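Read through the structures below before going on.
Here chain A shows up in two complexes: once beside chain B, once beside chain C.
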Partner chain A sequence: MRVLALLLAVKAACVLLVSSLTGTGAVNNSGRWWGIVNVASSGNLLTNSKNVQLVLDPSLALLSRRQRKLIRQNPGILHAIAAGLHTAIKECKWQFRNRRWNCPTTHSPNVFGKIVNRGCRETAFVFAITSAGVTHAVARSCSEGAIESCTCDYRRRGPGGPDWHWGGCSDNVEFGRMFGREFVDSSERGRDLRYLTNLHNNEAGRMTVASEMQQECKCHGMSGSCTVRTCWMRLPSFRLVGDYLKDRFDGASRVVYANKGSNRASHRADPRHLEPENPAHKLPSSRDLVYFEKSPNFCSYNGKTGTHGTSGRTCNSSSPALDGCELLCCGRGYKTRMEQVTERCHCTFHWCCHVSCLNCTSTQTVHQCL
Partner chain B sequence: MKSLASLSLWRIIILILPLVSLGQTFEYGWPDNYDKPPQCVDIPVDLRLCQGVGYHQMLLPNLLEHESMAEVKQQAGSWVPLLHKNCDPGTQLLLCSLFAPVCMERPIYPCRRLCENVRDGCSPIMAAFGFPWPHILTCDKFPQDDMCINTPNDTSTSEPNGHPPVCPPCDNEMKMDVILDHMCASEFAIKTKIQEVKRENMDRKVTLQKKKRTIKMGTLKKKDLKKLTLYLKNGADCPCTQLDNTRNTYLIMGRKVDKQYLLTGIHKWDKSNREFKKTMKKLKSHKCPAYENVFK
Partner chain C sequence: MGSLSRQAFFQELGSGCLLPTVQQGLEQVWQLLLICLVCRLSWRLGLPNFLKHLSTVVGGFYTLYLFFELHMVWVVLLSLLCYLILFLCRHSSSRGPFLSITILIYLLLGELHMMDTTTWHKMRGSQMVVAMKAVSLAFDLDKGIVDKVPSPVEFMGYIYFVGTVIFGPWISFNSYMDAVESRKLSVSWFMKSVISCVKSQLCLLISNCVAPYLFPYFIPVFGNKLLRNKKRKMRGSIKRWLQAYENSLSFHFSNYFVSFLGETTTTLAGAGFTEEKDNLKWDMTIAKPLYVEFPRSMVEVVTSWNLPMSRWLNTYVFRKALRYGSFTAIIMTYTASALLHGLSFHIGAVLLTLGFITYIEHVLRKRLSAILNACVLSKRCPSDCKHRHKKELWVYLINGTFSMLALLHLTYLGSVFGSSSDDMDSDEDGVASHTIQKWTQLSWTSHWLTFALWVFYRLIL
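Right, the complex of A and B next:
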């Protein structure tokens, strides 16, 4: 009789546990807002800001209440957010163009697919690059006067050095960062490891944009001389941001939840703390990417994990690197075919003003993974 | 100084990047650096450097990274007097291909040969005004293939005439536009008489009479004005009829380079000349493109 009662209790506990896990998955809003990039692209972004708001209204369903409020408070900013996402996606595809995981996206609201629900390296990059994209685009839009609630960064004025002065329009990266944090991080919920790593990687993206700002100067004295020089702070090109984050991806740190939580007082005092899984490694800095889960095998299609596989990918048969056929095709082999390519060549500029070119046909060898 | 060098390098990198793509397979479209693509705009009437260049629309920002039309006008203004010197037939074409580039699907740069011809023909004259050949026009960075802008009829070769060339600051047409362009390109302008002219190394030293009236103060200070001495740069041996005649009153323009004041223009103050009178009247309302407005 006692044994029976004990068994029933254990079973009940298991049922509760399973139910809890399922519930956690159902309420995950992480990265949901990225879907506006697909809704936005179907609308006409060239219309005025009022029409943009109307056209994009269905996309607001993808945003949290906090995000919708932020958009209402900053007229014109939704356009920048959508543009920033678009740029981030392009950059992600560029940075991973030769890898097994090549940043595949869909046209559904679930832009990056199931990768956002994982905690692997690729997830870290996606969160960082999208956060950076928003920060960059918002800061740029401030300078262009497209967002009513912000302007250039006018804190820089007056003499800057012995032979130059501040002027022009310094990109407002602080507003971009501040808004980015408010907007992007508000879609995260919970207190678990996924929550902490997402926040960390979002911040890494923003920090990269801010720290890569560079001073740019113009000489506008007589005949282009440098007797008069004006300088301002300029956003980095987004390619630079992507290159930097890709380096961070390659050197990402695997983290675990800090184990100090066993003590109640300590847990309350420092609830958000990540530390490296390997105690010998240093703590990740605020610009490092972090992950907590091993990456899946991206070789073959897997509906469960959302991986597309490398079948059909173009590869380089003479490369020993990741883009080589041996590695990219995961040892499955590849097929070769000849492709005829016609390109414009021998172009000449004629005064004034047109360009004439010849058409050159060449045969290219294309290798594709089996 | 290291910071200046790195900034200069960065500017070079920016300028060179589009050229690198020129060397690659030809492809339409701007380099994908996520920046806003240039817009095609009409060449404004008051962009005097590029009037009559042969096309009517330009790209903004231009190929010198000038981002607003005000900036283009201000920077182009100091180049207009060089056009009047006719130092090379390709001068306007070279300058305008950068200041007001033609509207094409991709940027078209001037050919290196065009740049070298203009540089060789014009840099001695620019030196007379105290200007070295500027960094923004370094010829090495321009393309040498067919996808570039060259002088339309490249067969013409100018015959050297028998007369020694007139000193550039003295070689002026009595024309309102020319005088106003020179006025804008100079830092100061005064009305005065010449007291003494003396050779000094490669230059000619011009001492002015005490009695002066400032037409354009510019960077000049009152105490400097009192004992102003001007130098005709590299002008020891070239002819200058104005300096030979010390009885006349002159409109004299100049600018300061390091610690020297250089003569940039000298016109006879000829009240009986209708064009001169018209110019002096126009001068009161004429506004030069100012850089303060560019970076407000």
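Right, the complex of A and C next:
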């Protein structure tokens, strides 16, 4: 009996040791703050949007001390962050709906799974789109007055700079970018390639939001003179940001840690930087996505890399592209079944005011990867 | 905007456009409205007239400073110059022409040399009002409608009357003096101010957020086809015309915004009423949007665009110039209007074109109505007119054709007032090439049509 207890104790100690070891292995908190999206959706965060006193909110446990401080200093901003994350995740899923990796998320605090600890294109996209989402949402909330510490950006009023009198309220994208830099980037630690890559991709997301903005102005006055001038910054719709980043995903460049031995003269000022793996390529611009390792093929379940595989996914039997059964199922083949789908149809509107519909049942062919 | 779907567009519209527009619209005018109200209330206290004039001068100066900061000196300079001329010519009986020439020189100098165009153009609205007031006063003095040269305080009170100094409109000296007597506060006065204010904000919203997106989103003429092509270079003349219509609609509503705002401030400050016996009516009207959007003729559009201004042009330019023949008078009127509006290429071009269009329309319709003995004149027939044909179908048909023609002209002319014209003012060459490019896109339709109508007119003469 005692032996058994001893064995159990040893086993428990081993488990503890191993878990603490893996814990130290994952010491970087990369994207740990993403976890607030799950806490936020379950908690009361979304119901009381303004002036949430969130000191005791469980989601804050996922944040670093610095991030908590930022949230305390900007009342109302946590709501914007959570909303931005939601949009970003939705957009990620939409952009990748037809690919083998379809941006899977979980309800655990570790939202995107193990993919974030890698350095492939998908990782780059996740970092960029979440960073863009936060910038976008914070800027939008600013202009709506939902964040106490920022209001309309008066610096962007007009061509005359700060002393241009008439002008207006623009979406405060500058605040969004600054906040994003402080908040999002502070969860990255280290000095290695992963650190630099993640920061670069975060910045790429923010830059995309900022550079896609358009200022719209209009003059009003007698005889078309400019007595009253209304201007505002239009943030791009987030779908546009998603489209743009997806383009950059397809053209992402693979980078290596710059060898300090070479190019010493040119990079003395900034010793840590990224270089394209192929020296013939040009340096990635600040809006390009970068990655440093090849993507796994995402075909089958792999607990180590955290990929779920594509078995069970619905595919399109007639498409030759990535969503076609051939490619999506990685050549494993697929099974076909008929499914009865009932939907409302032939809806008519009756005055006033109700809509009556019939239920139509149709048979649809569904293909699923093996 | 790229290619948003319609649903996404309406979601964006609220926070992206409506909210900031309303916010800015109110933010920029609430002080002006407040000052007008304060001015009116203080006039009710029964101060001596001298203090009343002085208070409105102070209010006017403060609002000018609010809107133009130190650039307001150019307006002040113009007003001082005007009074100087009036004073120097106090024994002459041709003060009107003298003052007009002085103002003309001042405006031309300003356009060409004195200062950079951006600030000049920003204030030309206020300068226009000042110039119109001074000229009208001078001519009225010549004619004896105003019996003696007003004192400096009266003159300055008239020029800087807080209700009209920023957004116009022109009011005559006599109606200003009536307003100084300060009618009592009434519900109808208050209602008129509030309704005008609401209307002005609505027009601002339409100008900023509805008109520019009219066809792809609000009225889907071609379903989703336009949405997909919006980003690509527009091909097909129908799309170009639709875009031109959006542009001109946005421009129209910007004008209505300013007009209704002018109504609001003027009424709020206690001017702009008519008096029939003991019945006081607060009925100031500056623009008639319905007459512009659904026009009977271009002549009607031009008068309904800004009623006080067209009344001014009619009284002080057209009537005076009529002795040189009606065509010359019309061209002179439009030239005067262009000078007052500032010598931008596009304004000049539009006004000159308007001059030709309205003249040819007027004479052609007059001729037609004589031949057909029908009510097809540019102006609506009065109920007791002597034409034989009034309500026949073909009369409506002819009038309808001319209405459609007017709509076409409006679209064509309005297309040059681009929506994103913030840097247009600064660069004169840019304005000229923009205008020509826009009209070339629409293949100079209006000009050709006007020419064709003129040929037709000469044929049936």
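Simple rule for what comes next: the second predicted complex is superposed on the first by the 280 of 370 C-alpha atoms of A that agree within 3 Å, B and C clash if a C-alpha of one lies under 4 Å from a C-alpha of the other, contacts with A are read in each partner's own complex, and residues count from 1 in each chain.
Throughout what follows, a residue touches a chain if its C-beta (ideal position, glycine included) is under 8 Å from a C-beta of that chain, and two chains touch if they have at least 3 such contacts.
Note that this is a predicted model, so its numbers are computed, not measured.
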item	value
Contacts of A:366 with chain B and chain C, given as first, second, both or neither	neither
Which superposed partner A:220 touches (first chain B, second chain C, both, neither)	both
First (chain B), second (chain C), both or neither touched by A:239	both
First (chain B), second (chain C), both or neither touched by A:230	both
Residues of chain A that lie at the interface with chain B and also at the interface with chain C	144, 168, 214, 216-220, 222-225, 228, 230-231, 237, 239
Chain A-touching residues of chain B, taken from the complex the two chains share	7, 10-11, 25-28, 33-36, 54-55, 64-65, 71, 74-75, 78-79, 102-105, 108, 126, 131, 134-137, 146-150, 152, 185, 255, 291, 294-295
Partner chain C, residues of chain A touching it in the complex	140, 143-144, 152, 159, 165-166, 168-170, 214, 216-232, 234-237, 239-240
Touching residues (chain side chain A, partner chain B) in the complex	87, 144, 167-168, 214-220, 222-225, 228, 230-231, 237-239, 343-349, 351-353, 355, 357
Chain C to chain A touching residues, read off their complex	1-2, 4, 8, 12, 15-17, 19-21, 23-25, 27-29, 67, 69, 118, 121-126, 128-129, 166-168, 204, 207-208, 250-251, 254-255, 257-258, 262, 340-342, 347, 417, 419-423, 425
